[in-house]
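Please go over the structures that come below.
Next, two complexes with subunit A in common: one pairs it with subunit B, the other with subunit C.
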Partner chain A sequence: MSDAVHPDDEEGPVTSDQLRLIGTPFRRVDGRAKVTGQTRFADDLSFPRMVHMKLVRSTVPHANIVSIDTSKASAMAGVVGLLTGESMPDPFGILPVSQDEHALCIDKVRFVGDPVVAVAALTEDQAHEAALAVEVEYQPLETIATVEEAIATPEPRIHDYGDEGNLHKKLSMEFGDVDAGFEEADQIFEDVMYFEGNTHLPMEQHATVALTEETDRITVYSSTQTPHYLHRSLAKVLGLPAARIRVIACPNGGGFGGKSDPFNHEICAAKMALTLGRPVKICLTREEVFYCHRGRHPVLMKIRTGVKKDGTLTAQHLQTALDGGAYGSYGVASTYYTGALQTVTYDLPKYRFESIRAFTNKPPCGPKRGHGTPQPRFAFEVHLDKIAHQLAIDPAQLRLQQLVAADSVTSNWLKVGSMGLGKCIEAVVEGSGWNQRHGKMPEGRGLGLACGSYLSGAGLPIYWNHMPQSGVQLQLDRSGGVALFCGETEIGQGSDSVIAAITAEILGIDLKDIRLCVADTDLTPVDLGSYSSRVTLMAGNAAIEAAERARTLVARGAAKKLDVPARELVFAEGRVFHGENPEHGLSFQEAVIEAESRFGTLGTTGSYTPPRSPGRYRGAGVGPSPAYSYSAAVVEAEVDPATGIYRIEHVWMAHDVGKCINPALVMGQIEGSVYMGLGEAMMEEQVFRRLPKKRSGALVHKHPSMLEYKSPTFAEMPPVTSYIIEDPDPNGPFGAKEVGQGPLLPMMPAVANAIFDAVGVRVDQVPIAPHMIRQAIEAREKGKPGRFGPKSFPEIEFGVPLKVPTPAEGGDGKATNVDDAGVRSGTGTMTERKDAVKGEN
Partner chain B sequence: MLRLPAFTFHQPETIEEAVALLATDPAHTRVVAGGTDLFPNMKRRHQGAESVVSLRGIDALHGITESKDGSVIIGATTTLDAITRDEQIQQKYPSLVTAVASISSPVLRNAGTIGGNLCLDTRCTYYNQNEEWRRSIDYCMKEQGDICWVAPSSPRCWAVSSGDSVPMLCALGAEITLVSSEGERTLPLAELFRDDGIDYLSKRPDEILTTIRIPSPSGARTGFWKLRRRGSIDFGVLSVAVSGWCNGNTTDRIEIWLGSVGSTPVRCTASIAALIGKPLDDETIAAAAALARKSAGANPLGNTDFVPQWRGKMIEKYVEAVLREVAGLPRQRMVPRHGSEKWPS
Partner chain C sequence: MSQQSTTRTLRVNGEPQQVAFAVHHSLLEVLREELGLTGTKHGCELGECGTCTVLIDGKPVLSCLELAAECEGRSIETVEGMMQGNQLHPLQSCFADLGAAQCGYCTPGILLAAQALLAENDSPTRDQIVEALSGNLCRCTGYHKILEAIEWAAARLRGDDQYQPPNSAIYGDPVPGKQAKDV
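The block that comes next holds the complex of A and B.
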């Protein structure tokens, strides 16, 4: 860890004050390999003696396993290995509080697609045939398909832990005196909204190759966004010391949160490789990817907001009900996230948030781009559009007049740094001609506006610890090249390019002279993974620290040779030179040789730990971030009132990224978010089909295929005008904030608001299908409210909320009623539970 | 990935060889042309075969020719893409180009053939699923099971005829030729189809569809609209094809066909009867369109994309829109994207 900096050494050098790489559309470091097919994804890997594995998955939604007969399968040609659940009895799961998965089900299956047996054979065809020949006898149990059924059916329980019955999580919290807030209001608005579940749909199906190396060591290559968390789960389930397990995350062909959990197939491949002593490969089918899921939770929401005549918000009460599917996954965090970020866009002086997450017999939900926040953001932004319409205030103005101040603390104790939402709104209002066109176009044509905000990395790691969340190690040598080691994972978002560019900028060298070694738990410092939009900020800051330390070392080597104080040296354009006399200098390579001659082998490290958040209450761990990004969108829709068929004609999206590291990558993320948001707004739904109960107990995914799970094509993608807004945040590298998830958030509400502007009816749920618009229009024609959407929120006893006074009320970030807050009837038995909630209060 | 089961693959070079191969064991042999329907179905194990006879090596089945009487003959293995690019077809049957260009995606149109589109297996969201999924619902009557899950008390299968070229070719009065080792027969295309989701073709397993003959359009005005979720890739959930022959202000003859609303293409007989001898104007068209759904007996069920009630209501809207297009009346509806639109240069 030592980087040979002596306390008595002179000060470090300066970089050129002019950024040469950061802020330019430099070519991504993996671009050429990706477009020429040279990138090796997990499924591209092949090793001598490799065998192929398939998982036999449950064909029933909820049942006890009576017997498993593998005799036919084991006798089939080419079959070399079979595993059942007993061989891996230890549970795992991404969150310490939800260790509720097994690599293969042992006693019970919980959804159609739950894996029961692993089969390995010499060829993939043989493994497939053998998997079909495995016979499993099930004793069916009652199934739960919805949140309402979960509330009504406490027994039998899908899991033997959770807050009550089949409710995995139940929480209630109040920031400030919300009743008093409602009393200050001139009017109270209330809406019930629904956001259907949907899935990530990465182009690359999950794949894993595991192989044993030497003695008692195993290497696992996988398409995972979180090699470090997979590493921990493998150690736990395989019962091997972590130091003998190597996880290498291959470049992912898209992740979007769908490859953030440790998965059954990864653990089974490792176990099978250890058992057989041969490399084992599995590549999931598209159907299986739908079963892995961990996608957007279906969420029913009730939102109540007190508003003054001038549009000022006085209080909000939000209730959310999440359909979690069959396992915990990130669900506890997702539950908090359906409330946590309501406060970071517009001043919300008092806020009550209540939520449940139910277990159901469907593939587990988890984090998808925006993790838990797109659902309440949809509700809030449509709700605001209605408030604006009712109060005859322009929707853009309503938002602009009560933006959260930069450098402030919200009512739920989130520390906001830079805040560029105002500039975002102004950009899309101007670009779309909002003031001239909104509310003024002919029937059938409309504009809708909505905003959003997202984290630049979660403030806390998934398991409680005091270690850095990201680390970078640099190795410099006489070649003049710099090797950069970092645990971050390239999932297509461009993180390799970002950390390489940050390092190259600081050392003043060409991007091509950075050699990357990433996402390898044997070789690279831990980075928690490519999730929660954390990599640019966290790995970026770690890279800055490591690069600045390296620059100091090299400068001291060069300073001696050049006879110039190190602090007067400039690193730029592959040279180290005297700032006052640029001719006087060395090449970077020569400077490194001087430093290596003086200090020996050169290496530096950098790491990053986020600042501590001011919240001190239970649940305060979800929501804090070093920096929040902001986005605003205007969407233009064309709607045919006679059919309900509609199209999105144009999208204007502005995103406050703090500081743009690479505008091409930032715009790519903005457009990708627009595309994904369009899918969620218009058509994507992970939905299920229950057959008539008297004839069948089936509860199946309605369409686990890319043909029938509808995601937009080129034909649906409208022109997008992107605006990159830069409001630098002191916590970001060069001021940078996230862009991977934030621009998704405004899309869904903006589409709904545009449809209202076009035809005057409200669809209070997504995806918005043509028949919903048509039904709302028909309702209006019959004199009823022109609305399609959920009618009510279920009656749930949330108990006494955890009460947390706000900063404005003089609070200290702690709850005042820890002992009598009435919702913790938890029956959790997880051993790590205590650790996980530590620090929450 | 999903794996194809093992089978014996034959690639004959003549029609005679092909029909001889088929005649040996028709029950366990299937014909393939582009493979865009059969192979996915075989991967999902709801269509099986011990041997597969490919028609792609038979030159005689490929190509587009014009007859002296002005009709056009299309070989069954002509790709969908080739049809959309053929100048004769573009000139004589522009709506057929629209219909064919609306099939699936550009990549699949490069492989898929017109014969394959006509013989396309009927589709259903309870059936077009993989083996494990179908086990989860204990199969359906179209394959291995004994119930129709979309209409559980129904004695028949309601899988949907989804070939997008079918209603347009029916409206144009196309004929087809079927060849077997016992000889050949020619019949109107409409007679190829049977109203049953399982036994949906009158073609025998030992027969090969060799050619499609489309009569000279002789002044017909045509239109085709397809309803689906997305502007590419998707099968239709409703397609409307119209071919009308008018004399001055009067409709002499008109064909109105619906696709993807049942197990067979549907001829809108009442709508047709309502228009014969009348001008095509706002009123006659609205009246004829209102009859389309009922006269067709078309009753969309919940085994495709979209909710069935809405799909049913769209029949009238789409029939009206296509009739208006044929009549040259101003557009009231948003025109669907069909895949034939030119890319902006």
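The block that comes next holds the complex of A and C.
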């Protein structure tokens, strides 16, 4: 420091309020590659001597494996490798508490599609034929198709772990004195609702290419949203040190949550490559993508709410039952998420939440856009519409009069920061002509309103640790270019562009002068992955820290040359200059040369760890987020009462994104969410049927093809009026919050509410098919309630809930009855938890 | 399954390519695996999603359903052939600028289907574009950005450089009441 020109030149410049790039629509950094075919997706990769792998999948839903005969297959032309489950005995799974998957099934198969054998051959055709020649003998076990069957059939168990019988998870929690809350109410409303399962349907089929570099060193390219978690699973199952495994997440051809688990095909490809010493590729067929699934859980819900005459909510009791499919996946977290975010939109002073997740013999469910929250959000928003109608209060007003306050803590101890839901509601009400048209249009035409909220990143990592959840490393040199290293994964949402833009903004350089290296576990700092809408906020904040440190270094170099205090320098337009005299400056490149001359090789890092949540009870790990986004939608529907056939004529969507990093990308996420929500509301369903007894009685996928799994085409997409609401959050980079998932949430309930406004009947489940509307109309004509939907919620003994006093009751975030609560709660293993606590002390 | 091989000369993006392949392989497989033209993607290989669309003699065709052996003597165009020198085709440029490509996986097929439409009709209506593209699925965009990008590109191809996509496509619609308050 002896050579400092000014004593205070250690301080760097501050970021100006005058943003040049943030908030403007710029072409995404991968835009050109994506329109020219240059983007290399996993299946686009090819290496010399590469062989192709196929998986032999179970043809029965639940069975013991009696024998596997690979003799015919191994003798077939081109076959070079075969693997069975014994070669990979260690289980894996995304959550530490649900390590229940094997790369290949060892003793037992649990759904049609569960992989049993991996075959590698010189060509894909040869691998396919050899896979058909593998003979597996099964001893069938009783099949469980639904939550009700799982409750009624504790034995045989699909897994030998879980809270009881075939219930993977069972939980019960109470925030505040809920009974007292119901007593304060003038009326108690109760509904039973159902949300059918559906799947992500990314256009890209999952693909993986694995190749060895040394006998014990391997590189795995994959279409994964979570290279870091795949890295951990590979280390565990392959028994290799993590430092010898390199995972590179290729750009994903769509994810939506469907590529967030470590998958058996990824581990098998790696094992096969290590066995054969040559590159191995697998690309799933579309049918196999349906078996991978990890999609939206089917959820049956009972929602009971105490309400005062003026519409004030006094208490809510929510019960959810999730059909989890055959494995744990993210299911424990999904279970909590079907309750956790009920409290962040409207004041809910007392709240009881009970839930089960059942194992069934179907492809495993997991996280899909909105992860566990769209189902209870659907129930809540339709329920509120009914309450408003009953109490003759306008549905928009009912919501506006009890919004959660900004900078408050909810009854279940979630810290809400910025809160733009009021502005969102006002925008769609005004834009849609709600006040003039809702409840006032001719029969067959209706408007429905609904809202939602989502995380900007989960507050806790999937495994307990105290390390950053995102990291960015910058390297600057005399070329004037900046290399940006970050573990984040581009799945189409534009995350590469977000971190590049943030860095370019702070360093005042052109986006084209930033070279990105992302999602490579050998080269890039860890980022936990593209899930829970976490990347803009977390990687964005890490990028800010790294870029500000780089700016300080460069400023100190330039300060000496310019004889100006570093903190008075401005970085803009590719120059570094004195704020008071812009003529006095250097090009960015010249400034970097000054800094490199003075300090040597230049590099900085930045990292991000979310703030600690105030909740201290077991289970408080699911729900906290650095910031919550808010959305409101009005949907206009045209319904033909004679047939039940309906069309969505228009959607008004307002989303509180905090601050746009790039409005064009924000618009893309809003419109994409509206689209996917409409698909879920109107047609998408992942459903199963039993074959007749004489044809094996197996439980099979009803339509594992894109033709039969209906999703909206260009022709079904209505006009969308989108309002971007910017209510900056202090925790977000430049105030930004998420936009990738939130705007999906209001769509399903808004459609249901619009149908009610059009024809006066309720369909309390999605997807809403015309025959459901028709049946509800017919019921009404017969003098019965004009409703279609589930009739009852199963009787479940939830035991004594974990009792957590609310902030208003003077609670401290902890439960008061940890020892006598009837069901276990928690999301991490106890060992991990203890280790984490030890680390703290 | 027959592993019989055949050798054909395919004309791809204006250039003749002599290529040997298994006789039962689709044009999709031959483009990607034998010619290394991986810009053509696949989403189902069953003719359901439109992702693998290429142009044959100017018409959009699902390359997963077309036998490569039957493509000799026909003109095949893929996304790799769209650029004009080092410049993006107006469709490509408008898609990139508007964010009509998010994950980019369905994009090559949609670009080619749109190119075929604009070759036949330089001023298609919104309904005509929807009709022409209704066989191509996209899971990311909600389709609007694609429609707006095609309309923008059509204008540019007609020589209308004044045309701009609606401001609302990029910034969202003006928030009701906000402007009044701001003023």
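As a working rule, the second predicted complex is superposed on the first by the 807 of 841 C-alpha atoms of A that agree within 3 Å, B and C clash if a C-alpha of one lies under 4 Å from a C-alpha of the other, contacts with A are read in each partner's own complex, and residues count from 1 in each chain.
Everything that follows uses one rule, which is that a residue touches a chain if its C-beta (ideal position, glycine included) is under 8 Å from a C-beta of that chain, and two chains touch if they have at least 3 such contacts.
Remember, predicted model here, so these are calculated numbers, not experimental data.
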In the superposition, subunit B vs subunit C on subunit A residues touched: C
Touching partner for A:125 - first (subunit B), second (subunit C), both, neither: both
Which of subunit B and subunit C A:715 touches, first, second, both or neither: both
First (subunit B), second (subunit C), both or neither touched by A:431: second
Touched partner set for A:71, first subunit B, second subunit C, both or neither: neither
Which superposed partner A:642 touches (first subunit B, second subunit C, both, neither): first
Touched partner set for A:390, first subunit B, second subunit C, both or neither: neither
Subunit B versus subunit C as contact partner of A:187, first or second or both or neither: neither
Subunit B versus subunit C as contact partner of A:581, first or second or both or neither: neither
First, second, both or neither for A:724, with subunit B first and subunit C second: second
Touching both subunit C and subunit B, counted on subunit A across the two superposed complexes: 125, 129, 205, 285-286, 705, 707, 713-715
Sites on subunit A touched by subunit B in the complex: 57, 59-60, 112, 124-125, 128-129, 132, 205, 283, 285-287, 638, 640, 642-645, 647, 683, 691-692, 695-696, 698, 700-705, 707-708, 710, 712-716, 769-771, 774
Contact footprint of subunit A on subunit B as seen in their complex: 1-3, 5-6, 105, 125, 128-133, 135-138, 147, 149, 152, 229-234, 305-307, 309-310, 313-314, 317, 332-334, 337, 339
Subunit A residues within the subunit C interface of the complex: 25, 27-28, 30-41, 43-44, 46, 77, 123, 125, 129, 200-205, 251-256, 285-286, 423, 426-427, 430-431, 491-494, 654, 663-668, 670-676, 705-707, 711, 713-715, 717, 720-725
Residue ranges of subunit C touching subunit A (in the complex, touch as defined): 1, 3, 22, 32-33, 36-46, 48-49, 51, 78-80, 82-83, 88, 91-93, 95-99, 101-108, 111, 129-131, 133-147, 168-173, 175-178
